[in-house]
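The data blocks that follow each hold one structure.
What follows is a pair of complexes built around chain A, which joins chain B in one and chain C in the other.
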Partner chain A sequence: MVEEIKKVIKGEILEKSPQRIIIKVKNDSFSSTLNALKGLSFKRLTLFTAVDFVKDNQFELVALVYSNENKILAIVKTRIPKENPEIETITNIYPNAFKYEVELGEMFGIKVIGNPDSMKPFLLEGWEDLPPLRKDFDSIKYATEHYEARNVEVKYD
Partner chain B sequence: MELQETLEEGYVEILDHLRKRSLWMLHYCTACGAVELPPTITSRFDAERFGIAPFVTSRQSDILLVTGYINIKTLKRLVTVYEQMLPPKYVIGFGSCTINGGIYWDSYAVVKRLDLYLPVDVYIAGCMPTPMAVLEGFRTLMKLIDEGKANGWRKYIENYDYYKANQRKVLKW
Partner chain C sequence: MIKEYELNIGPNHPGIHGNFSVHLKLEGDTIVEAKGNSGYLHRAFEKLMEQRTYLQNLALIPRICVPEPDINEAVYSMAIEELMGVEIPERAKFIRTIVLEAARVNALLFHFGGTAAMLGNYTVNYWAVADRDLMLDIFLKLSGARVYHMYIWPGGVRRDTYPGFEDDVLGFVKYMKDRLIEYDNLFFKNPMFMHRAKGLAKITKETALQMGVTGPNLKATGVKVDVRKDEPYAAYPYLDFDIPVLDDGDAWAREIQRRLELELSLNLIEQAVKKMPKGDVWKKMPNPFKWVIPEGEAYARVESSRGEYGFYFVSDGTDKPYRVSVRGVSMPHMYPLAEELLVGQKLSDAPFILETLDICPPEIDR
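Right, the complex of A and B next:
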């Protein structure tokens, strides 16, 4: 299976085991890699999300696709810059990526071109701050500023 | 005139006394608190022996049981549900999340105090409250109704501007 994948994709394989393959690709060949993997029986998208790398000033997109026939999980990773992040939609390959892409827009501020619901509020209605899953967003500061706490005296025996 | 007033007061007292024995509960299960309700309602602890039964619509319910944390999206629906209910109506805050945020005190989406947005009659503390604690909360509410002290819905009407201002602050309506 690994040999077949190596033939098809343009990118490096970081880790391979009987049940898991991690593939790192360039930004522009992300959707073509997923398309090729779908042809190799990886027909189920189990997760599509992003990770914020603050020091590198980059987002890492992570897509987990699973092959029911060969029982292998393929993890496809790519890096995109953090300024005005934009990606192409992958709903034409995996339709269930729709809500994951809405989540990318809402929680990380990544705009998905081709997804009509991108950047529309789904969970956070009326949100005006930084997207909350970015690492430079301070959750405790936001909570103390916006939601009033109860003043209680805590006594320990 | 005096006789009529006395009769009206007595009538209200009798109504309160009867009302406490037939409370229908709308369980607004926002969070993990919902798992304590099936044992409370079913045969082992059997909340119906106190006249408390779960009900499905907001218009016919008397108690709004808020089980767990309230985030912004939930709060909007919760306020709508509460305003749909007919008075007299009572709110029970269930679990420490409704009291001070609980373990979600630092979350960006969870409001910490329920009583800023809705008038809470009884709080049940705990994370999670056991079925015994839930029944104790129900009994406390029944006692308050009997004594005529469960006036949260009246407070909501009288202080409507205060509650609406608090709601607008977080909901940005």
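Right, the complex of A and C next:
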């Protein structure tokens, strides 16, 4: 399977175990890679998410696609810069990516071109701070600024 | 002329375990549009996990999925073991299998109770909750807790089984096998259930595959996909079993599929108890309060009662996870599957259809 993938995809391909393949590509070939993988029987999008690498000032997009026939999971990764993060939608390839993309917009502030809902609140209505899953968002600071501490007296007999 | 109007079901939704609402547009009592509205249950698990040490997280993660908490502990431990390169003892593998299958039985019983209640058959609901309690008693003796066990942990399980555990579990299996006949007569063979469920909200194989559907919802359309067989974990390689599948893909098939899986789980528990070897239950690791996990990433997955459940796990070599992304099974089942399935159905069937998809809102609001 790895040989077949190497024929169609340009990028760093690593066979981590017989059932895990890690594919690192450039961000402009992300959707074409997924398209090619779908043709190679990777028909199910299992998860589409992002990781905030704050030291490198980059987001890593991670799409997990699975092949029912070959029982292999491919982890497709790409890095995008953190300033004005934008990606193109993959809903034309995997329809269930729609809400994952909305989540990327809401939780990381990544704009998804082609997804009309991507910057609308999905889980958190009226959120005005930094997108909460970014590493530079400090949830403890946010909580102390927005909520009063409860004075609870604890008595031990 | 019939006017279109809007109706909100929820957030205390009758057909879902948790707070979740569905916005419906109706013409008469026919649904013309359905939109899910999540967020009522959001507790920011993924963010919280980044701020807690590996041991502290063990107390947090079972809360992600309430009806079946043990799968969270299992995927969390499996991801850490993969990163550390740890192989767990044989006995621990069997104990994990028993716990995971028992949790599946519990979740399915809970599910049947809900489904039957959606059709007005409340007896099944009371029976199922009472039967589930018998297993909770065993969990209490095994782990010290009824619902959130925190029993599976990195390196194996937290402690060995108590004396008499095997007999208790086998007793429960025998009781449930007898009880299944009564469930069949009251619910699964009930003409009321058959008439309501046959042909209702049918999913085709193609739609299911395209939308990322897994678990019983997919198996009920005739696709044999199950993590227990495809990528065996715990003690599944040592057990002898076959995955049941059905072809119809309608509400009836989804329920019968789950009923067959319940029977399979009982058989698996029986096999695992009988084959369980003696020995250690935990691969000794250095001080759990100071666990540091090597840098890297892993994706661990298990077959939950609803489908493929997994954690995408990134570690930066410190004492806290760098990022954990939860692969909630219900995400594709609600968006877009349920939204499309509800269109054209009657309002009175909506809670029942949502229930047959077994949507667990905490997996969406994670």
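Here is the rule we go by: the second predicted complex is superposed on the first by the 149 of 157 C-alpha atoms of A that agree within 3 Å, B and C clash if a C-alpha of one lies under 4 Å from a C-alpha of the other, contacts with A are read in each partner's own complex, and residues count from 1 in each chain.
The rule we apply is simple: a residue touches a chain if its C-beta (ideal position, glycine included) is under 8 Å from a C-beta of that chain, and two chains touch if they have at least 3 such contacts.
What you are looking at is a predicted structure, and each value in this text was computed from that prediction instead of being measured.
Peer 1: Is A:154 touching anything from chain B or chain C once the two structures are fitted on A? First, second, both or neither.
Peer 2: Neither partner.
Peer 1: Tell me the contact category for A:123 with respect to chain B and chain C: first, second, both or neither.
Peer 2: both
Peer 1: Have a look and say if chain B or chain C is in touch with more residues of chain A.
Peer 2: After superposing on chain A, more of chain A is contacted by C.
Peer 1: Contacts for A:132 in the overlay, against chain B (first) and chain C (second): which applies, first, second, both or neither?
Peer 2: After superposition on chain A, A:132 lies in contact with both partners, chain B and chain C.
Peer 1: Which holds for A:142: it touches chain B only (first), chain C only (second), both, or neither?
Peer 2: first
Peer 1: Would you sort A:45 into first (chain B), second (chain C), both or neither based on which partner it touches?
Peer 2: After superposing on A, A:45 lies in contact with chain C but is clear of chain B.
Peer 1: List the residues of chain A that touch chain B in one complex and chain C in the other.
Peer 2: Residues common to the chain A contacts of chain C and of chain B are 123-125, 132, 139-140, listed in rising order.
Peer 1: Of all residues in chain A, which touch chain B in the complex?
Peer 2: Those in contact with chain B are residues 123-126, 128-129, 132, 137, 139-140, 142-143, 146-150, 152.
Peer 1: Which residues of chain C touch chain A in their complex?
Peer 2: Result: residues 38-39, 42, 44, 46-47, 50-51, 209-212, 214, 223, 225, 230-231, 297, 299, 308, 310, 312, 314, 322-323, 325, 327, 331-332, 335-336, 365 of chain C touch chain A.
Peer 1: Which chain B residues qualify as touching chain A in the complex?
Peer 2: On the chain B side, the touching residues are 72-73, 76, 99-101, 105-113, 116, 170-172.
Peer 1: Which of the residues in chain A end up touching chain C in this complex?
Peer 2: Of all residues in chain A, those touching chain C are 19-20, 43-47, 49, 51-52, 62, 64, 68, 71, 73, 75, 94-96, 98-100, 121-125, 132-133, 135, 139-140.
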